[in-house]
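Look for subunit A in each of the two complexes below; its partner is subunit B in the first and subunit C in the second.
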Partner chain A sequence: MKPREFWLLIGPSVLVMGGLLVLPLIRTIQWSLQNVHYGTPGTFVGLSNFTAALTDPRFGRAVLFTVIITVISVAILLVLGYLVATGVNMLTVSRPVVLGILLISYVLPQLVGAVAFSWLFDDNFGGVVNHVIAFFGGPKVLWFTDPVPNAILIIANTVWQMLPFAMLIILAGLQGVPAELREAARIDGASAIQTHWNIIIPTIRGVLGFVTLITIMDVLRIFDSLIPLSPQAQAIGNESIMLYVYSVAFANGAQQLGLGSAVNVLTILLILVMLTPFIRGIFKEAKVAR
Partner chain B sequence: MLETVDLSTRALTTGERDAPAKRRRRTKRAPLWVGILLALLCVLVLAPFIWMALSVTKPTDVAFANPPVLWGYQPTLQAFVDLWETTYFADYLVNTLAVAVISTILALIIGIPAAYALSRFPSYVSAILLVLALIFRALPRFAVVLPMYDISRALGIYDTTFALALALVAINQPFTIWLLRNFFAEIPPDLDEAAMIDGCTRIGMLRRVMIPLMGPGILTAGIFVFLFAFQEYLTALVLTDTGSKTVPVFIATQLGQTLPMLQQAGAASMLLTVPVILIAFIAQKYLVAGLSDGAVKG
Partner chain C sequence: MVSSCSKGKVTVKHDPIDFGGQVTKTTATLSGDTGSYDIIETYGFVIPSLATDKKLVALDDLYAKYKDKYDLGSLSESMRKAMTYDGHLYAIPMQGQMFVMAYREDIFKKLNLPVPKTFDDMISAAKAITAAKLMDHPIALPWLATGDITTSFEATMNSLGQDFVTADGKVTLDTPQAKQALESMRALVPYMDPQVTTFDQPKVQQQLYNGTAAMAIMFSGRMNDLTLSTNSKLSKDFGFAAPPKATGDAKYLYDRTSIDGWSIPFNTKLNHDMLFSMMSAAVNERASKASVPAAYPAREGMVTTKNSPYGQAANDSIAGAMPPVVSPILADVTNAIQPILVQVLTGKLSVEDGMTQMQAAGEKIAG
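Let's look at the complex of A and B:
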């Protein structure tokens, strides 16, 4: 392919991404260094937005909360995703039906799924989960106003919503494990658990790394589902980083655009660090292809 | 890492049927307890919808009873009727569909040639563009959506369906081109050469040879872009007001209001859920292919 053809074909896409992603991003970086309101030019204030963000205890709590949610959710997603993928991998006839059902929570709008999920816990709607807990002799749980149960609710919803993704990618990985490897392990007398731990998991290491990265990035950005799941997020300290940005820079006429943009820039830096191994991989691939 | 995911796709999408006979014999059938656990998991996955469907079809006083009333009441569709008659739900639904359709068509029109070019032009330029796409896929959405709000107000296109659709085309473009590029990469380049020796131009070849061959890949990308636009809450929240509000934004505004409004929010959720569940079942094969081949989730 000639370079001219390449640019002709890719031009529209580059223009759209340049105009609608790169330009806004530059604006965000510019805003992060300014004291600014919507529709007015800002005044340069250096790094004071960054110091304001980093010294704001509310932001600190949002970061801590988001990181805790992310670590726990991703750990559960990996283990559960692996177990479910292993189970689904054994299915033959019923596989499409099971995959179809398991995909539902992934294809729904996050907000809608979270609304439906919250009703199971909501005492206004009969509080099904609390009745189940009471049946087993447990105490009444305040899912929406008590920070720890609320965090558990959010993690449960996150796992529910992202499990299909984790499970499917791991399933794709499992399909790629050569049958000969399993056979050899079986002949050598390895137990099922030994086979999984010593043969299969190391073989699909790349896939597991990929799932970990994507789920970390997606849980770090958690926003939609908190609207129904944690209506009191700020009061009880269960605010996510993105909810914090929303509430300082946009909600109810909030105009601290500089502060919100600084937080966005910090989040981007964090994501860039996490992406480094993948970026290196793509360049290595490009070198080989040349 | 990305390649590992690619390699296994075909086995996954075609399933057991096309697998070599040798491999099929070796696959152990699922033991009963695995089946039972998976069935239980399916019930757990569906539980929120079952409960919501019950809550929405109860009369208002029964729906909010605690402990819940499970039988002996007269089911009603009143919440759906109220939703239709007392809110602008129909408008929001039309807006949501319009945004999804427009952004899907635009995303494919500009994404297909771009993805093709990236799959056939191995160079540092392609690698850099793919890396940029990966980074943009991972960006916190507010970092681009807040400036878009400011810019769209300045341009006077704030709160229009087209502006929201265009924003979603851009936001989903990184996913679209990664996904399509991986599908294109599986078509041998010899094929384009042959068509071009027979007298096709590059564009003609793309239209006559590649697009028909890429049918399933394009369908997969289309389903994903459509779903992403349909699902989007945050972008719609920031870029719309009343004129082009979408259903997820409407549902969020109904929360925390009166009890009948809550039930209407539930009714709206059910109406949005049913078609999406149908899509999940019908397009299951394509969703699976896209998730494992796309390498970057949107």
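Let's look at the complex of A and C:
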């Protein structure tokens, strides 16, 4: 390919990425060093926004909560996604129908899905889950005000919403596993579990790494689903980092855009830290492939 | 509700939005030299701060010019006063929202209970209803931790004759009235759903629709929904009354009167006369009549017992409410104390510690 053709093809993407990604990132970093209100030029305050965020116990709680939710959700998503994908992979005629049904939660707007999901736990709207718990003699669970049940509710919604994505990608990976490998394992007398553990999972580890990478990034940015799922998130310590940003920078006329930007920069760093093992893995594989 | 309408060469675009989003968008549109909106809905609570920051066009001249043409003299004087700050009118009042109590008339009659006039009466009624095993949590109030909870605290303090700040900017969150207000609110907690701090007004309505609550106090704009048979099979069983007082010797009702109005933002590029004419048309007699009983329009004498099932309760509520305290720092103080108030009402913070923290947060804003 000639250089001219290369730039002609890649140019539009570079322009869009520059406008929608690089410029906002530069502005975010600039604002993180300023005291800035809507529509007013900011005044330089050095690292004080970062100091304010890092010394705010509320921000610390938000980071801890978000990381815990992320780690648990991603672990569940990988295991469940693999199991469901394996099940779907064994289907033949009914596969399109089952896939269509499984994808419903993924195509719903996150906020709409979360509102509907919250009704399962909300006595005002039927609260099916509490009825089931009561049927088995369990106590009434305060899903929206007790921190642990509320965290379970948020994780359950996250898994429900993102499972189709994880399943779909893993399914694509499973379909790429050569049939000869499975056949060889079967002839060697390997059990189903041994085949999955020693043959299939190592073969699709690249796909699993990709799923982990994307789900970590998505769950770390959890925001809109918390509006219906955790109406008093701040009071019970179940506030996500993005909800904290919204609260200090936008909600109820708040205008601490500098502090919000500083938290965004810190969040980008956190995402990079959490993704480091996977990014290193990708580099290693690329090196081996060369 | 319509998203847009046209007449001649003019098209009015109107995107319905929830209250939280409206507050955020209003703040954003008033922040630069160019805004997204040419008419904005404001309310009495924010007029002082917006006026102080010179974010709104003073309407005195336009009001005088068009007063007779649009019969603006028939707009409630007290509502116009609520839209005035420092001697200048900053909004044309459109409607009022006041606290109204909705209660299950059938249950109150069955148990021979009087309509509550105080918080203690509410508690007595709640005890009788739970004793009769009709409900577990008869009282429902919108105490959403990120929303109405501060409005309820303010209403309780107003009942006792105080607000969060005085007109001259002194914070009053460490006063005996503040303590009594917090204790009065906490006394209601055992009779409400344990997750009450997650309930906004629609969820309180839902409790009434479902028959899981027998008494609720909300802004009047929510009352008409209760009378619609399409919303609940209990629609004929609701009675309406003015809200109670926090205590027997309180001077005012547990009440908030919020006046909504139309304002012209300082950064609009459109002709002010045209915008003022549109705003005036929106509050004319025909439009005001058409809005009853869903709303309480700003024109005098529009709402009566004949045209609104909660008309008498709304009129009684206005008559018994404390006159509003006008202060540009009230909105900021209200935002600052919200998380502390939640901790107090959920029992995670003592009343005394909560008062100390709220006073400190308020004084930080007052300077």
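We adopt the following convention: the second predicted complex is superposed on the first by the 251 of 290 C-alpha atoms of A that agree within 3 Å, B and C clash if a C-alpha of one lies under 4 Å from a C-alpha of the other, contacts with A are read in each partner's own complex, and residues count from 1 in each chain.
Keep in mind that, in the parts below, a residue touches a chain if its C-beta (ideal position, glycine included) is under 8 Å from a C-beta of that chain, and two chains touch if they have at least 3 such contacts.
If you're wondering where the values come from, they're calculated on a predicted model, not measured in any experiment.
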Partner touching more residues of subunit A, whether subunit B or subunit C: B
Which of subunit B and subunit C A:E183 touches, first, second, both or neither: first
First (subunit B), second (subunit C), both or neither touched by A:F250: both
Which of subunit B and subunit C A:T145 touches, first, second, both or neither: second
Contacts of A:L275 with subunit B and subunit C, given as first, second, both or neither: first
Which superposed partner A:N124 touches (first subunit B, second subunit C, both, neither): both
Subunit B versus subunit C as contact partner of A:Q234, first or second or both or neither: second
Touched partner set for A:Y38, first subunit B, second subunit C, both or neither: both
Common interface positions of subunit A, toward subunit B and toward subunit C: 38-39, 123-125, 231, 250
Touching residues (chain side subunit C, partner subunit A) in the complex: 20, 23-24, 26-28, 31-33, 144-146, 193-195, 197-198, 200, 203, 206-207, 210, 212, 331, 335, 339, 342-343, 346, 348
Partner subunit A, residues of subunit B touching it in the complex: 1-5, 7-9, 11-12, 15-16, 22-23, 26-31, 34-35, 37-38, 41-42, 44-49, 51-52, 55, 63-69, 109-111, 113-114, 116-118, 120-127, 129-136, 138-151, 153-154, 166-167, 169-171, 173-174, 177, 202, 206, 227, 230-234, 238, 247-248, 251-252, 255-256, 259, 262, 265-266, 269, 272-273, 276-277, 279-281, 284-285, 287-288, 291-292, 295-297
Contact set on subunit A toward subunit B in their complex: 1, 3, 5-6, 9-10, 12-14, 16-17, 19-21, 23-25, 27-28, 31, 38-39, 84, 87-88, 90-92, 94-96, 98-113, 115-117, 119-120, 123-128, 131, 160, 165, 168-169, 171-176, 179, 182-183, 204, 206-207, 209-210, 214, 217-218, 220-221, 223-224, 227-228, 231, 241-242, 245-246, 249-250, 257, 260-261, 264-265, 267-268, 271-272, 275, 277-279, 281-283, 285-286, 289-290
Residue numbers on subunit A that touch subunit C, as the complex places them: 37-40, 123-125, 142, 144-145, 231-232, 234-235, 250-255
